[in-house]
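These notes open a run of structures that come right after.
Both of the next two complexes hold chain A, though its partner changes from chain B to chain C.
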Partner chain A sequence: MNKSWLANQYSIVLMIFIHSFSLLLLWQEAAWWVAIISIGTISWRWLYFKGQVLKVNRWWHFSIVLSCIILLTITGPSHGLLLTMVNLLLVGFALKFIELYQQRDAFILALISILTAGVALVFGSEIKHAIFNLILLIATLCLLINICAPALKWRQQLTLSTKIFSVSLPLTAVLFLLMPQLSPLWQMPSIKQATTGLSDNMSPGDIASLTQSSELAFSVTFDGERPLPQELYWRALVMESFDGRRWSQSPVSKLWQRSLANNTLTEISPTMKSFNYQIIAKPSNQQWLFGLALPLSNDNGVRQSFDGTLFATKPVVTPMQYTVSSVQGLMTLAPINNRSRLRNLALPEQTNLKTQQWVAELRQRHEHPQALINAVLAYFRQQPFYYTLTPKLLGQDSIDDFLFNTREGFCAHYASAFSFVMRSAGIPSRVVAGYQGGEWNDEVGYLNVYQYDAHAWNEVWLDGQGWVRVDPTAQVSPERVTQGLVSTLGAEQDFLSGSVLSLARYQHSPWVNQLRVSLANIEYLWSRWLLGYDKEAQNDLLEYLLGEVNATKIMVLILICLCVIALWLAWFSGFRLQRKTYQQKSDELFNTVVAKLGVKRPTHLPAYSYLQQVAQQRPHIKREIALFSCCFNQIQYQQCAEITRQDWLKLKQAAKELFDKI
Partner chain B sequence: MNIWSRFKQKTWSKWLDKRIPPAAKVKLHRHNIFILPSRFGAYYCLGAIALFLLGTNYQNNLIILLSMLLISIFASTMLLCYQNLAGLSLQANNQGESFAEQPLKVSCLLDAEKPKYGIELNYENEEHTVIQQVAGQQYCALRLGAKARGQYQLDRITVASVFPLGLFRAWSHIDLNQQVIVYPNPLSYKQVALIAANDEQGKRHALTQTGDHFSGLDSYHLGESLKRVAWKQVAQGKGMLTKQFEQTIGEPNWLDYDQIVAKDKEEKLSYLSYLTIELSKKNQPFGLVLPHSRVAVNRGETQRQRVLTTLALVRADHE
Partner chain C sequence: MIFSLLYLPIADYFRINWIKLLFLGFDMTATITAIIEQINQQLLGKEHQIKQALGCIFANGHLLLEDVPGVGKTTLAHALAISCGLSYQRVQFTSDMLPADLIGVSIFDTSQQQFTFHQGPVFNQVLLADEINRTSPKTQSALLEAMAERQVSVDGKTYPLPDPFFVIATQNPLEHSGTFELPDSQLDRFSMCISLGYPSVEAEKKILQGKQIRGEQLQAIMDKQSLQQFQTRAAAVSVSEPVLDYLLALVQETRVNSLYPHALSPRASQAILAVAKAWAMIEGRDYLLPEDIQAILPGATEHRLRGTNQRTGQSYSEQLLHSINPIG
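Let's turn to the complex of A and B:
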């Protein structure tokens, strides 16, 4: 067997590169001991290759494998199935470095690396992940080429692997676009990781510093008219339970109802402005979805809860696209029922007494609910309240402490306090968490909402009006609503202080901002067209191409595509309609000459000797035979590449003269 | 196993003879190249399918895209693998001598217009020869295990390649119509049993002492004539030595089968083979006398080949 690749420094370096790179791709998922084992086996292979260490003997090998198995089983339950599989894959990858004996082992190594690349995509499918994967794939192709053809230089190997990759792209595109989009075949273990600005509960008093993330939460494209910036309240969660410190979703909101048909909206409110829009939600590993006012969606996999928000039937682990319609300002379809009213009035007893007392006084002065709301909002506006992302911690009675003592905080503090005040005053009220605002991109025409746009506000029930949105934070910091968080904080506070590398942090510099916007555009198109490509998009594409879709048309389309691609591949790989080579032609000519001469040729006799014999027998054509023989040998015994058309023409001429003489 | 080997002998080789007829020069093209996924290729496909399932279950388009890309790479590799073998031509090369009990020296001439990589050549059940790169013309020594003396028609050669990614194996079984004559293994023979050229009637006279120029002394070997023992040296206590004589160039010798002292026939032939080689090295004229045939006196490369061939083809049951 051919083993030269094992002694080839280039292939060892490639293998080490591939392994380290896939380890880096799965850095956050892999267990720490996997990295240690990897470093160990990689350095052993390098030293062994350099001739500085001995072969791993059987006992060592056995104990390493055994300890890996033990570590995997011990850590398995805490890591969950998915991460255990990832660790298993990486450990297998690392151990392969000890077991490189045959060509087969190197092939297995390459296969594991390809599988690792695929698994890494489970944890992230942004453009950067795709690029990393591409590098890994090309390097793996290089390794395979190196095993099969060590004679090639590394530059040639790289060129060849890139060529193989790029020539396979058209077929990939056709397969991807036309392959039926299947729904999940079975349940897979879910991924536990999320960086979102939202969580399903909120206890403002316990947060000293709100971490900001510039990651994209979702993108929106509007059909037709866009809402005003102050209307962009993206509702995600409604929190109705309060235990004195913490707001959380009530169990009822987990129940769902079938979303109403879109057209009921226009029936209910024909005069009001309505918006239709598509949202691409980034993976949050949560079920909540986003929408304006009372969002309605008919998409599969989207449900509506009783509190008027949308949620997905399964956690969103890959970008999810759905269509929504909302009517401006419309939050209620049915009157509030008794149970719901009680839920939205419930308060923990004997807490925040100072606030309750203050509310009682206010109530005496303002009887009408709207007037009371205005009075409370005025209080926020007139007293020295201050908007900050790094507030002081609050004491036992958090609302009392906030309203009368610290008077600083972010949206959650204001929303929490406002709801408490409303409930104390007997007005049903709840906290809504979601996102506010977003960044318009006019070039492509979409709105990007980032994690730092996360916001919390309130809804109060007013008889005759239904649920009405109130945003107490806007009283303190109006720019937060009209211009977004970035301009609110301005230079006073360190925006995105946690993430030095984030481009959003440097958006005051024009070219950085331009770069950031372009990247966002690419990212948007990527999610919209590649990650969001689903059954419906496939149908649309087919309808666009074929008109009315039926099975025959699809078959024809697939056949045409495959034929075109087959031709293109064949052309690329150097396949041409094969002409006979001059050597083959001259062989045939020689056979005709033998037939014309009528002298049988013994099989072992070379053509040259045969012609000599014939020439002796027939001296009258001796000259012609010699000429033919000379030309014939020229073609037969030259290198294929050096035979010219001239040689062939000469041979034909000689044959012609010979035939004339016979 | 019997059915398989019978099938292989009859149907398969007949089919192959029809499909790829024996020829001194064979060019590989689409009529004589076979191609199938290798074992690694099969595992690779399984991997791609596994990734497709993973992508479907997580509804992750990128993973699905990756699996499609892997399948596409598989497809384009098939063409590249075929193209790597197509256009390669092999030509029988009958130079080189082979002796019994030594690995045979067989080679062929490879010729390719475009460079070819990782070409594997082997005869059936024999070791592989791997050529990393073929560009233009080049000779390639093939490995073939030792055989007994005689004439052989060589098997088909398997030419194979897994280039570029090892996903496919393209191969061909070609018959270059090679015949090999394996000469008897030369064993060094001290007693120079040469026969002086005789009168025209062809009568033979064994001479214990060949040539006329004294060339030196050598230790005595069992079976050597006592007439050639240097008794003077024995008397001096230097041990049993025999006188050695050298033949002047131009005076023809006869190698006589009957005169060789050996334990059996094959050994005799081996000694004769050795003597033939030695004599041709010295460029002396010589002839061969076998019990039922003879090769006339001559000298040079042709004579050497003729004599060695005759020795190789002596029938085994020959007395």
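Let's turn to the complex of A and C:
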């Protein structure tokens, strides 16, 4: 057994690199103690390699494994099944380092690393993840090559592994494009993760500082006409319940979501103006989807709620692409019913009395609802209200405190207060959470909406007009709506102060902005064409290629592709897949014999002389050695006659006899 | 005869060469054994050197014997020439020797009114050049054309030398007084350079007891024809790729590694291969093994690489032998 890879510093470094890298890939998913165990086993392996520590004895081995099992069981329930399994994999990976003695073990290490690369894709499939995966896979290939051919220099190994990788690319492409996309046989357990950006409830009084995230929420491509910037209100969820501090989705709409019912009241007259667009939603681990009012979608897995929002049938854990057409200027198709009216007027009793009193006064002065709305908006405009992301905390009666005391806050504060005022005045009102605006990218032609574009606004029911959108934040800070958050805050407040590394923070530098836009373009194309390549896209492609799609045509196409790839591979490898010559085989056999004899061959000694020497030392196998060396010389050096299979068999037989004697 | 006819196909099937040799080349092996035996009886305990020298003759190469005086260089040269049944002439090289003394001289023949060429000692099948490095480089160089081209040119006329033609030269080590260093070009023309070394105690005892046969008792065992047969046979020994690669690796090593002050020339590699083939034939094989190259490598390269590695004390040829792996 060739174990030179174990004594090879390069292979040890490579193994350690592979492990650390996969740990970094799954950093967020790995438990802290897994990292500690990894560091421990890696350092042990390094010291063992340097000859400074002994083998781990059986009891230590056993107790380490036992404690890992215990830790996994303890942390299991809080992590959920998926994360426990990921941690199990990582622990196994780390522990493999202390039982790394045979070639087989090294192969297992490489296989675990490949599995880890696959698992890492569950948690993220953006370009950066793909690049990290690529690095990990190439390193793993290097390790495999290193085990099999330790004599190669690392540069050669790297070249070879990159070559292997590039050779496999066309096959990957064909499989990606043509392989039937079956629905998964097993479902991924849902991932417990904190979400940023949008949340399913809103309690503005409790937030002192809104942390912003420059992560992409979703991208939109419009077919045809684009809406104006001030029309870009991306509805995600409607909040109708208010308990005095917190706004949340009403139980009715939650029920509706759970039943996965579809609002079929979609009778749109063709005269109505509508926008058509595709959205690629990034994983949010939530069911809500985004759309301009009033969104309609016929895609599988997308449902329409009765309150004019879209939601997915399953939580969005991977990027999801869907097509929407929005009817402009329509909030909902159904007329408000009694129950809905009651829901949108409900207020907790005996709270915010000061506001209620103020509303009563206002109500007396302005009979008409529209006049009342204007008066409230005017109040926001005329009184010293400020838009800020770091507002003061609000007291018990949060609305009172905000309207008459602090007078500073962000969209959630204004939306919350406005809805409260409207409800107090007897006008049905609700808070809509979603995103506002986005960043146009004219080069490729799409709109990117980031988490920091999250917004909240109001809708009020006016008899005769239906639901009408009112954005009180726009009264205080009109630029927030027309130009976006970035320009609103400007230099006075530190935009994205929480994330120093975020490129969006440095938008004022032109080249950084250029870089950011290019990266966003790449990311968009990646999501659009690679991640968005689903069953339908595949069907479209096949129809484009083949006309009418049927099983025979697909089979023929796949076979043709495979043949082309096989030819290409053959050409690439220069038909090197020839069988080994008998000389090569006998060389290998000789090496085995040397290993079995256990006598080291001085490098300058030819086979025959070496065997003669050994025969002198061990007279009892003299005959077998003589026979073997005779046959070996014949195959290796005798060229007057062609070497036949018979010669080879004779050599093998001689070797076998020799082995038996040993 | 019938027995051999029956046996040959079987031997062929099993590729047992010594059996083939036994029946087809019985007289040949016997001849070789006899020659070695005869010379060995005169020059006791030097079988390996004798075989090397014989290999050199079979490879049609010139032989240089280098050692201190009195170890039997001339005896070996003599014995070789006689045993091979070749015409030979011994020339004692001295410092005042001129090229004409070796090659011959044109003398005006008064009876025929023209110059006639009187052949020198070089026109023998074997030229025994004793103490070749005692003569001046001028005379040494006179041998160059004879050794390489097997012909001599005098007064614008070219005279072919007899076939076969060998130069068997002896020389004293350079440190000895009254010696000239042989020019590189000449050294390279010797296929092998063998040093005999002192005999073992037993061998010397036998010499003192007078048990060795004397020069006049030597017999010619071969004749010109059988020598030529041996030469063609040696040239026909098959060389497989791995062995050739091994030889090339050896030669390349001397050229690439700066450790070696003198590299091996293509003529040297040709000589090594030819002598190794002859060695394989003497060993009774019709194919070359790395062992054959190793056996003759010191003899074939010592005088070309010249010297010892001061650091290890190994001679360069030995060092070369140990630096290349013949397998794989």
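Throughout what follows, the second predicted complex is superposed on the first by the 555 of 662 C-alpha atoms of A that agree within 3 Å, B and C clash if a C-alpha of one lies under 4 Å from a C-alpha of the other, contacts with A are read in each partner's own complex, and residues count from 1 in each chain.
Methods note: a contact is a pair of C-beta atoms (placed from the backbone, for glycine too) under 8 Å apart; a residue touches a chain by one contact, two chains touch by 3 or more.
Since the model is a prediction, treat every value here as computed from it, not as a measurement.
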Message = Between chain B and chain C, whom does A:71 touch in the aligned arrangement: first, second, both, or neither?
response = neither
Query = Can A:609 be said to touch chain B (first), chain C (second), both, or neither?
reply = second
Request  = Report for A:634: first if it touches chain B alone, second if chain C alone, otherwise both or neither.
outcome  = second
Request  = Please indicate which partner A:362 is in contact with in the superposed arrangement: first for chain B, second for chain C, both, or neither.
outcome  = neither
Inquiry  = A:590 in the overlay: touching chain B, chain C, both, or neither? Say first, second, both or neither.
reply    = second
Ask   = By residue count, is chain A touched more by chain B or by chain C?
value = B
Query = First (chain B), second (chain C), both or neither: which does A:13 touch?
reply = neither
Doubly contacted residues of chain A, that is, touched by chain B and again by chain C = 583, 639-641
Inquiry  = Going by the contact rule set out above, which residues of chain C touch chain A in the complex?
reply    = 15, 238-243, 286-291, 294, 321-328
Key: Contact set on chain A toward chain B in their complex   = 1-2, 4, 103-104, 107-108, 111, 114-115, 117-119, 121-122, 125, 129-130, 133, 137, 141, 144-145, 147-152, 160, 164-165, 167-169, 171-172, 175-176, 179, 182-188, 317-318, 530-533, 569-570, 572-575, 578, 581, 583-584, 639-641
Touch list for chain A against partner chain C, complex = 583, 587, 590, 601-609, 633-634, 636-641, 647
Remark   = chain A partner, complex, touching residues on chain B are 25, 27, 29-30, 40, 43-44, 47, 50-51, 53-73, 75-77, 79-80, 82-83, 89, 111-114, 117-118, 120, 128, 130, 132-133, 136-137, 162-166
